[in-house]
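Okay, so here's the structure we're looking at.
Chain naming follows the written order as A, B, C and D, and within any one chain the residues start at number 1.
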């Protein structure tokens, strides 16, 4: 019980640590060997590129930890983007529209949450359905059009940097939200209960955890964050369109899994996920600067994803084998 | 690679020096010209950029082709950012969204990169020139005309099978076409539906099916997109509607050859896409060399295509589209 | 009792067809039925493989990419060798798919990587391979041999080959899952993976088999796709995985494994296809179509759940001794 | 069959070290030892689940090396594992037949034959189960009975049973034994694991005793007294098993009135006072667990009221019950009691994470302290508190569940089969703990299928049959006979 060293060591060889180290390595190597990678402007571009994935990954991590999934996030993003354009055309002020869009995202989450926790439907199936539904509604709202004339001070803020330095404005947002989600997930009773729910929902229920309610709120938060990202996306590209963010859900899920979260729930940490997102984005950015084609990027992303789970498994297996052989040798002697 | 630093600085200072056009400036060699089509692996854009590659070769420049796998504006932005980082001299881009790429394109221009749009324009205050394949008006009229020819003297119902619901080009052509149909010459034609195949082969195929089920009396399908026309022709040629329903629109001769020969399609049109890329490369080089700035009335030479004049809003029109029929289709290979 | 699940889909299908046909009788014309069946065929073949994998409590998201890889391989092969018979094309497609499926299976089983992670990864990888290989090139209909293209439209006793193949695949799949030991073992593996190991079931063999089957059928679907659509580029079948999973889920296969049937999944594929074409025929605004498809998927899952709850309640009643 | 000098360790834990014993045909061999002694590990090696690190298994005099359960099965070994291993989606008959389904000529499964086989087995075991129903929703006891049918259907030469009776009550146990005896007499070798010594003396001829993974002795059962066995198992003498302290009951803590749930139980009323231990007795499937789960709020009920200290509790809301000072140690520790993948400390602090939080934040230190206090008090055998609870032996897992709930400082403790799968030593501790808690004013409701435990511990006994209360007996009135009569349907005059 007093022996804490092995625990400490097992944490050090845990996947989230490995991925964090890997991320730092990639960043360092890329800054030295890839031309223009280390520039402050490229840093801004990278932060802007990882903004949507990282923000949506925050609640997605919690949802996957509870053993569920939300594939509708990118469509929620599209719907809020559409709504944002539509509301803007109706003449509402941007200060009203932004909170309204977050609420719209949250409502999408409420629908998901109700179907999943209220009716007890499997989340994978439900969110495949709402993936189509919300995207469809996005087209209903805005059709083929695009709305572009958002106020410059808002669009400029999203793409801008603090005091024209190297730190993008949105980085503040990312850091603030990441810290809040990190604390909630890792240092509160609520966060603890997520792991229990993911690993054994029945035992969690027997321990007085409100399983359904917890999951419900996670979906609401996920929807709200997707709504917020819809706003940021629209402002970044100064274009509200129904097809904004299409296909982003797989990128987010890939990043979360790459960060060491178990798809079966109950395992994973937020720092790992953050590292995973940064690793993916940095690698893609560096490879693009090296003129590696988008197709090859696909292969890199896919391989990373598989390797992220495969490698730790192989090392444990090898270590186990080695241990057994040692035992056998000891016994033979 | 870092071997081209010198040419960078050269071109940078070059453009800086000449705010006004110098029609006699020599075309620079070693220009880095990058093409960013709507998406990679689209046969139509491949032909376009292929023309660009030829032109860059003639110009002794460095050709580069990058692009997303999906036709979305946001993924284009990442590529533009990369091109800025790589300090290209010219970016030739087909915008997936006229506004979404704007901030990035303007950043590029701020970094002394010339931005030429082709195929599908970006908002005009964030590019230096636009290579228009034909005037919107011209294409719209041509589509209406072909539809009338195909429907025959009795006229009848026609339908449009377009690309995505938000494709800028297609929508403006369809607008013109609709206006045209209001004229008395076209009184017998009735446009019953505009369907969208999303420039996806299979979706277009199914949309064509849907059209024929919903409108049994349909006479003509007009598809102003190369993917759509090929899919519609393929469906008609393999169904019982062959010979009863005509297909026309804008298509690539190589894709359509089979259906022209089996009489599913008698006539369709297109400009030569390779020439668009070719012209764009020359326009970019002329601009990067200081020959032109993008102002109306400026002239430049575009290799084998001859001399072009910049029109209003920095538009450069390629020329009228070619019509393809059984007789002439074998002369084209793209 | 178990049949009620599939019965719900049949009912939904009947209502949808009836409603559409009243609005537009041509929906029931020979050509229209043929089109619907042809469109379903490819999805149903893939849904069969997917159903088997999902029943084992796994998932195969790479099917769309495998379809693309196989379609492009076969189309290239056929355009370069105009005289190859159709059967060679089919075998080649099956082989490409089987290899892709085998890799998935090996990673899941021996790498102990969850199927969702593996196949999400290979979804990117297989697609990337096809893109890198194809580049921008496209195989056009005029490059393909005539017999290959007409295969999609040729009939045997009035039934198009494509539909026939789909029927055979679905039928054989259903029979295997219902009446053969290996099928029941696959259900057992999905129902309780740990218990399956303890029961001495050859889990590794069965699991590899399931993934190879799913891959091979996606490969077969690639051949059918190439024959039917004639034009093949690197993007063929992009995003198909969600349709296939949707078909399986709508067809009543539980995403947590252990229950559902192959022919239910095939019915799900039919329902999704018919929804798509009915919306086109009903002349519903293009923009509403996707939203309606989404809503219907959710409705189907709700209906399925309702049936399950009913069954559960009747079980309870039967056991009650109060 | 023979086990020769086998060892097995998991990481740093040496679960089994150099154990040898023979299994003779026509003989029932008992394996006894404290929780975590390594019994189940041996079973898993015999079943081919684990491979021994060293040592060998021999069948018919030649060495065998099982690469998986299939090999063991092929060698004629049938196993009933400690934890049920059913396929919830498949029918009961399919569960039993899995791997040996009767086939028709086309190698298709012969369902009719399969169902008939299952019916035959159930008749032999005297179980009224429908072979076509899915295994999902079966009570633990029924699951265990299906497991038994499964093992019997294999017609194995070696039958290994890891605590098959833990979930069963006396009637079922007796039926099981009758079947097992007849198998034994037909020449099968039986290995039997149980913590109930009366079962061992009733069934087995030979016994192997283990302690801390080591082999202590293999002897004839007839040559040993129960006390001998216990002494060798725990390495010391034990005090009384049921150390009941007499307590003057205080005020009423729990009042249940007219509680009903359709199809499960009806019109249940009883009350529990502070300092009292009330036992819910009855046959397996009588609905005892369901009643207590409804009281605690994890299950819904249709009508009736539950009051704690006179205040009515919200239905179906475990958190309200916890706030009122209730704690429930559930019967199925794997599914309901513990989160196997989480660490021991997280499991122990799970129900009271909110109370441990400061300013809404939790810190590892407080959790560890809280967990350490109670696991130590219950003498849980564990490596590190940060280990996953799933790596503990069954009995030690049970202690963690107890620790988890006792740590919440309850006023009313409901324990469902508190000593299932717990060795005698620990059992005595748990009993002592329960009485001392009661003595401190805690109200205790105990659901138990073990009559001696019920009679030894309870102040009052409520007997359920088929979802209804059939008798309420005081400590004085209760005898083995009176409780059994009430449980089996004969009304007892009170």
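The rule we apply is simple: a residue touches a chain if its C-beta (ideal position, glycine included) is under 8 Å from a C-beta of that chain, and two chains touch if they have at least 3 such contacts.
For each chain, UniProt lists the protein as follows: A = Autoinducer 2 import system permease protein LsrD; C = Autoinducer 2 import system permease protein LsrC; D = Sugar ABC transporter ATP-binding protein.
Small disclaimer: the values here were computed from a predicted structure and weren't measured.
Show which chains lie in contact with chain B and also with chain C.
Chains that touch both chain B and chain C, as defined above, are A.
Give the chain pair, either A-D or A-C, that is connected by more C-beta contacts.
Answer by contact count: A-C.
If you average the CA atoms of chain A and of chain C, how many Å lie between those two points?
Here chain A and chain C have centroids separated by 29 Å.
Round to the nearest whole Å and give the separation of the Cα centres of chain A and chain D.
That pair's centroid distance is 42 Å.
In angstrom, rounded to a whole number, how far apart do the mean CA points of chain A and chain B lie?
So the centroids are 36 Å from each other.
Using CA atom averages as chain centres, what separation in Å is found between chain B and chain D?
Taking the mean C-alpha position of each chain, the two centres sit 74 Å apart.
Could you check chain C for residues that touch two or more other chains and list them?
131, 234, 254, 286-287
So which bits of chain D are touching at least two other chains?
none
Among the residues of chain B, which are close enough to touch at least two other chains?
40, 69, 165
All pairs of touching chains, please: list them by chain label.
A-B, A-C, A-D, B-C, C-D
Can you list the residues on chain C that touch chain A in the complex?
Residue list for chain C touching chain A: 107, 111-114, 116-118, 120-125, 127-129, 131-132, 234, 239, 242, 245-246, 249, 254-256, 285-295, 297-298, 301-302, 305.
Can you check the complex and tell me which residues of chain C touch chain B?
It comes out as residues 24, 26-27, 29, 31-32, 35, 39, 131, 134-138, 140-142, 149, 152-153, 229-231, 233-236, 276-277, 280-283, 286-287.
For a test of understanding, state which residues of chain A touch chain B in their complex under the given definition.
Contact set of chain A toward chain B: 35-36, 39, 41-42, 45, 49, 139, 143-146, 148, 155, 159, 233, 236-239, 241-247, 285, 288-289, 291, 293-295, 298.
Hey, which residues of chain D end up touching chain A in the complex?
Residues 7, 9, 53-54, 298, 318-319, 321-322, 328, 330, 335-342, 346, 349-351, 353-354, 356-357, 360-363, 372, 384-386, 404 of chain D touch chain A in their complex.
Which residues of chain A touch chain C in their complex?
115, 119-122, 124-126, 128-137, 139-140, 143, 247, 250, 253-254, 257, 262-264, 293-299, 301-306, 308-310, 313-314
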